[in-house]
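Note that the chains take the letters A, B, C and D in the order they are written out, and that residue 1 is the start of every chain.
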């Protein structure tokens, strides 16, 4: 069997009367670029939050490297090597770009309670921060306050911050959300680079189909809280059910059916 | 045909993000116009801008020929615009009846409309004294629609009514909205193309804060290349 | 990495204006003494000293400024750098004072020993209080935390105001202070101790905030959820911030009790929460020097206006009698129209101007 | 549901404990009766401050730290109107003390409501985008209010000397003399609990308030001017607090410490009841009121007068340890 890094078994999550995620099982193999897609309200973000630990599932379990992590809090998962990005840009707005990245770099180190040394004298973290800023093309912006970055820059900073802690598994929540289309290829390149560089495993929720089709090695399609289909990009593109979920009966049209 | 709603080149910021960079939409009297486009394109923001929840920084919004941009949300609603937001925004602690009562703009609105509403959404009758939070997703959507019908609204802004609903329920909703056609005008946001196609006569495509394409639904349906370009899977 | 300890001194020296300020403040008692022809040590009468003359009077004023500055800086560590609003800061200030006072007046120990033990015990108690409050309130968010601190502080205030052992609301005078730190005998040494404490607090807080830990504190202020998802157990950092701020407020409380030679429930009163809050807001939340400016400004204003009167037509208003009212009004005005404070507004203004290289 | 049960058990547990202590301390049924009635009295006064605090917080997310000041203000205004030699002197105009008391209460409510309106419209409104500063602002307002009261009425506490009908009448319970006025206050409190509950459950304003607690934006989108409702609720909350102060004045007099004491106790009530929960506030008021009275009557309480004052905080700490969001709070 393939090397499974993350596994979800029978995940279910309800909010009040609403079933957001209904009996979802999912395996993520090491080294894959696995996208989760589906129309709005399909339960992607909820599933994502279950994987990252922000929500506890109503039932079901999550395994990471074979260990049950269902009830581990968010910060403990980070220590196991799971990094996540947010759909809404979620950076420390009033800190500098460098400080944002360095916070991420030092997070898993042992120096967080060294209260009497200047943070910038810890060369290893600073170097790591510059490294990830370099990788994401933000090196020149290092000294700016993060909130003056353009939107695309903030999304890149998000990526840099996840990278800085060298996670094995990256969970990206709509990395291109709200980005202008001309910036998207840039971001794809960065994501590609990240994967090649560190043999990382990436799980991504994304709406931009060109991004998904371009870089995914595996795709899971969700619909109404359940997994509708899974496969590589070619299989998914060819899948009629998936098409109808996304576009309704559009592809039936040439056959003359009408409402 | 005259338009009940004319949105002209509005620009809207959220914080420092320029979300709408010139959106133009019109809804003909008694017609249904659908906003199509990918997630994050600015469809919901367009509705919220019209409603005054995210006031546009420039551009104009005319309702019945009179400008409504710059007015407060409640004043806009009182002109006869009903809003059915994404995720329904049902008051979970209030009963179905109270949810409907809240929407009254004049005393007696609800009494006058009860029959009409129950006829449209028969389920609600049975649920009338249940807290909104106990309703299923589909029932909540019905309630959200019903709430917008309690006062005599002439325009409904409906955001993603089919989201997260089972096909059977969606069909019920389609029937309900179709029955409203003629008496009220609708500006709809819908990702489900099947639903959009069944309901709307006109479409506007929203992409990255712009509205690059508009036309009749009939023309859109006969142009797969266009669909592919703006809405396609790959 | 075998660097950087040398950098402390070099960095210090880089802040030239700070060095000037320090020198000016060190020289202050003597300068005032020269200008007003009074001795900075007071007047000798037999083998006792009488604290008379302009120099010693102004020393007392500045000691109070240093105390309030320490209190405000410690408050700012919580409020400005960690984003935690406490309405119970007086708790630490007053408790430290009480511990020292009780140690000096109610134990049979030798005075110097009692003072030393008392000071250490006071700071330890503050740390412990911070720890306990922090642990109890870990699960409380935002406004719940604020209220909890207010409730606990008020509880101590009421308690010590009624406790017969501490002479209830009258409090008790400290009669037995070591000679070298007795402000009625040796005020200048108290002056230098307070000055040193204020400067050390400033550098300590700046160091802490600029350290890796400080970066996490600021991260919590900006976005606690995000800090957690990066792997920080944010609770520990908030706890640290509460404990450190509490201990520093305790230092201020010790100095206050030494200066006034009196312990009473008023040092636990709401005023010692309001003052640092106000000073921080006026000076600039989340800036290093803001609280210091707020503290000096407000206290000096208080001193200058204390005896002033204002005539409006036939109405003569004695400023002292409405000082608290005035403060309250300033408070409200600042909150509404000037929320960034003096330093914050200045920084914002400077940032908006084009940078010159 | 499990959580509800835990809360119910906590409430019953605390009540049983308090009643047990009260019984142990009583020499007779009359003693016990008086303790309980005093507790009810205290609880009702607390409710009058806490109800406004709680509803305003639920609807507007504003914790009004000036709420205690309105209580204090109510006490001062009522005292002033009733007695000779104050800011207004009504003795010659309305010689009947009973009627004057009614006027005093009405005046207190009017002044409280008016100043509540001024605070919301004039100051708070500009801060809705900066929630932290709202807290800080109301705190500042409470300081100014205190100082203004000192300027107008000096710092000397007043004790109520003018007597009127109910204030002077007593009744007997198991051989103990009992003030009818306390019973009157308890009655007022219960009437208000019911009235506010009816307002919330049965009226359109009530529906708007409950809906506004959940989702203000949607309420607006339905065509309702939420800001106006905020103003109304805030004004009412301040008016009710002033009412509390005015009817407490014949017992407590008027003093500059009233505001803080009642604010802190009310905050304890609101937090331990669960912020924004009306039922929680009502139950919390009763629990805290009775706890304070029981603490006063115990041997430690008599010997050590700080105990009753500390009791609300102790109870608060206890409840928060069991239920971090209070008895009826939703742990969102």
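The rule is short, and it goes like this: a contact is a pair of C-beta atoms (placed from the backbone, for glycine too) under 8 Å apart; a residue touches a chain by one contact, two chains touch by 3 or more.
A quick note: this is a predicted structure, and the numbers were derived from the prediction, not measured.
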Next on the checklist: Going by the touch criterion stated earlier, list every chain that contacts chain C and also contacts chain D.
Outcome noted: none
Checklist entry - Looking at CA centres, what chain is most distant from chain A? => result D
Item to check | Centre-of-Cα separation between chain B and chain A, whole angstrom | outcome: 31
Checklist outcome for this item: Chain-centre distance (mean CA atoms) for chain A and chain D, in whole Å, is 50
Checklist outcome for this item: So, in whole Å, the Cα centroid of chain A is separated from that of chain C by 45
Checklist entry - So what's the Cα centroid distance for chain B and chain C, whole Å? => result 56
Checklist entry - Chain contact graph: line, ring, star, complete or other? => result ring
Checklist entry - Which pairs of chains touch each other? => result A-B, A-C, B-D, C-D
Checklist entry - Of all residues in chain D, which touch chain C in the complex? => result 63, 123, 126-127, 130, 132-133, 135-137, 139-141, 143-144, 146-148, 150-151, 260, 264, 267-268, 271, 275, 304-306, 309-310, 312-314, 316-317, 320-321, 324-325
Item to check | Of chain B, residues touching chain A in the complex | outcome: 16-17, 19, 38-40, 92, 133-137, 140, 160, 163-164, 166, 191-198, 208, 221, 224, 227, 231-234
Checklist entry - In the complex formed with chain B, which residues of chain A make contact? => result 16-18, 39-43, 147, 151, 174, 177-178, 180-181, 207-210, 213, 224-225, 233, 237, 242-244, 246-250, 253-254, 259
Checklist outcome for this item: The answer for chain C against chain D in the complex is residues 85, 87, 136, 139-140, 143-144, 146-148, 150-152, 154-155, 158-159, 161-163, 270, 274, 277, 281, 321-322, 324-325, 327-329, 331-332, 335-336, 339
Next on the checklist: Going by the contact rule set out above, which residues of chain B touch chain D in the complex?
Outcome noted: 51, 53, 72-74, 77-78, 83, 85, 89, 91-94, 98-99, 101-105, 147, 151
